[in-house]
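Presented below are the structures under discussion, each in the form of structure tokens.
First chain A sits with chain B, and in the next complex the same chain sits with chain C.
Showing the complex of A and B:
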């Protein structure tokens, strides 16, 4: 705001004869430039949100003719629905596996890769490749990799004498398996963010630490790297939480919520209710529950980053 | 200096000892990194290996990293015959290109207005942009679907692109960039009679090239790989982008013809992976810039 104010003062000073006209022109230009974005914002975000809110209070079904107000019944139904409770639990469990794996794993790799000079770009490519690959296509490959009889993973397990595991068709392992694939997909992304954070740490801090007798790798990590990476870690943590909470692709392609509902996640249920069963009102309520979690995660980030600025 | 957990000061430091310690540390670091890299790359290697194996070798219990009989041509031909894979890839290009062009045309003037112009409603708009950052596309999806269905626009390229025409993220990113553009240059241009329109596109936009390139990479990767929205609005296989096409193909391929499946996966994964290998720095800078705001 102050920046804009000073700029308009400066422009007024530069063109004294027509201050009023220039300001008017600036206002009209600003409105004109912002208008397409504002219209699209209305049409693709705000209006749909309002419609979604209305729908969530009704029993509307897409394609049906009549619609009644049901108040908060959809929300009550959702919170009491065992299927939704299970899918919410599964989603949080998925997040609880992907977040530590994806964040700590990426941090470890980034710290190790950061100091490499000749091999750094090789490792960067290797770890980043899954980020750019089409997850749906790679999911098919993973399915084959983990195949109980044909897959090489089970081949290795058998060779080690462990015996084969039906990773994706066993209720006890399916969700964890999807979570490992989730980590595989986003590890490189997080690693790049950590590498950027590491590059921003001034080198002389390490030299100063050397002089102070703090020269062990772990010492240096705990006294310098970890505290200075705080904001980066916070950012990576929250984006990973949000990404993991939105898990859908691997579920839709590899397990479709099975076996026996062990991989049903919230977004998959939203999709089923909204676009397969067309329980539109109910799905709208589920969408708001989904959004509530996303907003909580985002709020955590805003709050934490605000705190970091002051230290 | 290697990342050793050991404390060098604890032992008498002779050159030979410290060199040995460094060597062991280095070996340990590379061992960890290589083990991780194997985990990351294994699916790609296995995809390529399987795509050139004959069925008999795919279905045999022994693991081999190279086929005894080269069967690549047959697998890739089956994949290309059974599904319009190149069409899926073309759809992906049209989808990403269309979305990106509109995103830039809409976001750049808006970001400039937010950064450099004073107009009524500016602060409200910026707050709305910040709010929009927190709302994933899955939230407005159902009302958008109903609207597109009412308009008879399902199963069109437009329906696939429409929800993404506005990128609040692009507005946010470009606004940050434009704010640091020197006001003096803008004023000088105004005094020279350059129109505001030209200032945006001829003077300010070129200066934000790194941000625009970063955003373009980000946008293309996101929409090339997106499944959720195309799955909802597209049922016509001719319009499917790569992920949806792969899903159709995998569903149709009931005989678990893994050779053809992995060949299809390789074809659909290739464009982005090759683009990444060529423009590696752009991709990595893109993530850095779009991530650390």
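Showing the complex of A and C:
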């Protein structure tokens, strides 16, 4: 900018600069300011995406010296592959459990915790702990807790007379169990976001509601809390959904996609194809499909909710 | 319509005592203002009447019946908040109508989805809309009913808050500094509107403000509060003309009352700057007292206007304030260890005073208020009264 400024001063001293010249200088200055951010964006996001796109159109294998263009063959193969279809279905199922559980559960906890005065920070810490702890380490704990013979959860079930359930090794329960763990891990973070939203609601609105006869818990929630939490809810909803789509670590550590593929999810397949089988081109195509899903879901949620949310 | 009776209301927040046993009887249809500096407990008192806070001791009765066990909406009161507390996500129509939807619809008729099943709901909502329209018409809000609060000006929001209070036709209106977020011009306008609204509705108004002008201009009676108790309760003119204590005198009136330090001389006669006045007070000799003189009671003295019953002192003009129709003159007391005084003067009088010129100011002794060292009002014995002997002031320099 100093360059542009000094040159404009210099030209002003010599002769009155034409308006066109001044505009050009202004534009160049503006571009100069935008350049660093643009370069970073290129290097860190757009360029890798372009490389990914190129790879997805090839049959490149990791470590290979040459590759051939295959056009959209990778995509065709992926959409026809029953394993990928199953993992897509599993991912959607996982998202369908984690999003409502993680959002509504966190909202409920936030509303309950918000009213506590002395114990509030205690609850906050307790619910936030899963966020701070590494999931790989906690997965070991979960594995122990849910163990069919040694785990205390099954101990309680047996004592209740339900009988033991092999949560992680039974195809019918494995994905749901992982989803519950996913909810558990998300609750704390979402709760903090909701608490921030609750704190921002002016107290006198509740007092006015009290005087207007809107004093029952449900009425207060539906009339004031819920509408005014709109922006927070939308943010939590979208981020939770993206996080849920990205489920990988619990699958990789606890079930490795099993039993019989019942917990294979999209990202786990990307990992298998890319890092185990070294089908880099195919994995790139899967990643693009994955990104497309996230984009579509986020966009739909944002546009559908944006009109209903009061800012 | 309803009376409001408070009996020895006490309230503490932690170890801080906010209200120390307040008794107050408010007549049906009265406009009573609680006025006082911030932190005096006036807002807490009105919130206790509303039921938003609970008193530690004492009782509230509305219309003769105790309401201490009732929730805010069961007390048949309406409240206007300083921040207006409008629901930001609702239209003006929904804001004003909310108290009615709450009272006229059952819970399930208010729930999302479920309410679609109710045929009765539509009929009730039509009645509510009609009532809202009636209130909106009274407040000139008809054309704003579909807007949201963020799209309204400060004065319009204020009227929506009033509308929400009026729509239930409550017996008692509680107003917690409702005008303090408005600009000066609008505030003056709304004062008139509120006073007219009170007259039209005939309801009991309890109004909290820290602005003594609002208290003086709108109220039937004013309760001046300080440090959790009522210092004086009476008509605005009573507080102005016979303040019960130094604090009341200082708070009520604009510009503030002039305070002059004086002492009690021999035989109880009050001495101002060493000169005995005709006034005497039933206090011990040597005691310090404060004389309160309103700025309109002061006048410029010329040689011939001093006389019996008129006190005087010399002062030096510091500044003239032009208010258009009149001037406020600020004087320093020449060579005295006391705060300056202010005087109200006509433009003609003000023109005759030059800056830094020393003048003599005088006041009618009967028009001054005497306060003892604790700030309590002392009734002076006026000249020709109990003391009997009138000493003509003849110390003209």
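Convention: the second predicted complex is superposed on the first by the 252 of 311 C-alpha atoms of A that agree within 3 Å, B and C clash if a C-alpha of one lies under 4 Å from a C-alpha of the other, contacts with A are read in each partner's own complex, and residues count from 1 in each chain.
Heads up, the rule we're going with is that a contact is a pair of C-beta atoms (placed from the backbone, for glycine too) under 8 Å apart; a residue touches a chain by one contact, two chains touch by 3 or more.
As the structure is a computational prediction, the values presented were derived from the model and not from experiment.
When the shared chain is aligned, no partner comes close enough to touch A:64: not chain B, not chain C.
Residue contacts after overlaying the shared chain place A:36 against chain B, while chain C stays out of touching range.
By the touch criterion stated above, A:218 is placed in contact with chain B and with chain C alike. Once chain A of one complex is fitted onto chain A of the other, the partner contacts of A:124 are limited to chain B, with no touch recorded for chain C.
In the superposed model, A:100 lies in contact with neither chain B nor chain C. In the superposed model, A:287 makes contact with chain B only, not with chain C. In the superposition on chain A, A:207 contacts chain C only, with no contact to chain B. Touched residues of chain A were counted for both chain B and chain C, and B has more of them.
On chain A, the surface patch touched by chain B in one complex and by chain C in the other comprises residues 213, 215-216, 218-219. Per the touch definition, chain C reaches chain A in the complex via residues 50-52, 71-73, 77-79, 81, 83, 85-89, 98-99, 102-103, 107, 110-112, 148, 164.
By the touch criterion given at the top, residues 202, 204-205, 207-216, 218-219, 222-224, 227-228, 230, 310 of chain A touch chain C in their complex. Chain A makes touch with chain B in their complex at residues 1, 3-5, 7-8, 10-11, 14-15, 23, 25-34, 36-38, 40-41, 44-49, 51-52, 55, 62, 105, 108-109, 111-113, 115-116, 119, 121, 123-138, 140-142, 144-145, 149-150, 152, 155-156, 184, 187-189, 192-193, 195-197, 213, 215-219, 221, 232, 235, 239, 242, 246, 248-249, 252-253, 267, 270-271, 274-275, 280, 283-284, 287, 290-291, 294-295, 298.
Chain B meets chain A in the complex at residues 1-9, 25, 29-30, 32-33, 36-37, 39-44, 46-47, 50, 58-59, 61-63, 105-107, 109-110, 112-114, 116-123, 125, 128-129, 132-136, 138-147, 149, 162-163, 165-166, 168, 171, 179, 183, 186-187, 190-191, 196, 200, 221, 224-225, 227-228, 231-232, 242-244, 246-247, 250, 258, 261-262, 264-266, 268-269, 272-273, 275-277, 280, 283-284, 287-288, 291-292.
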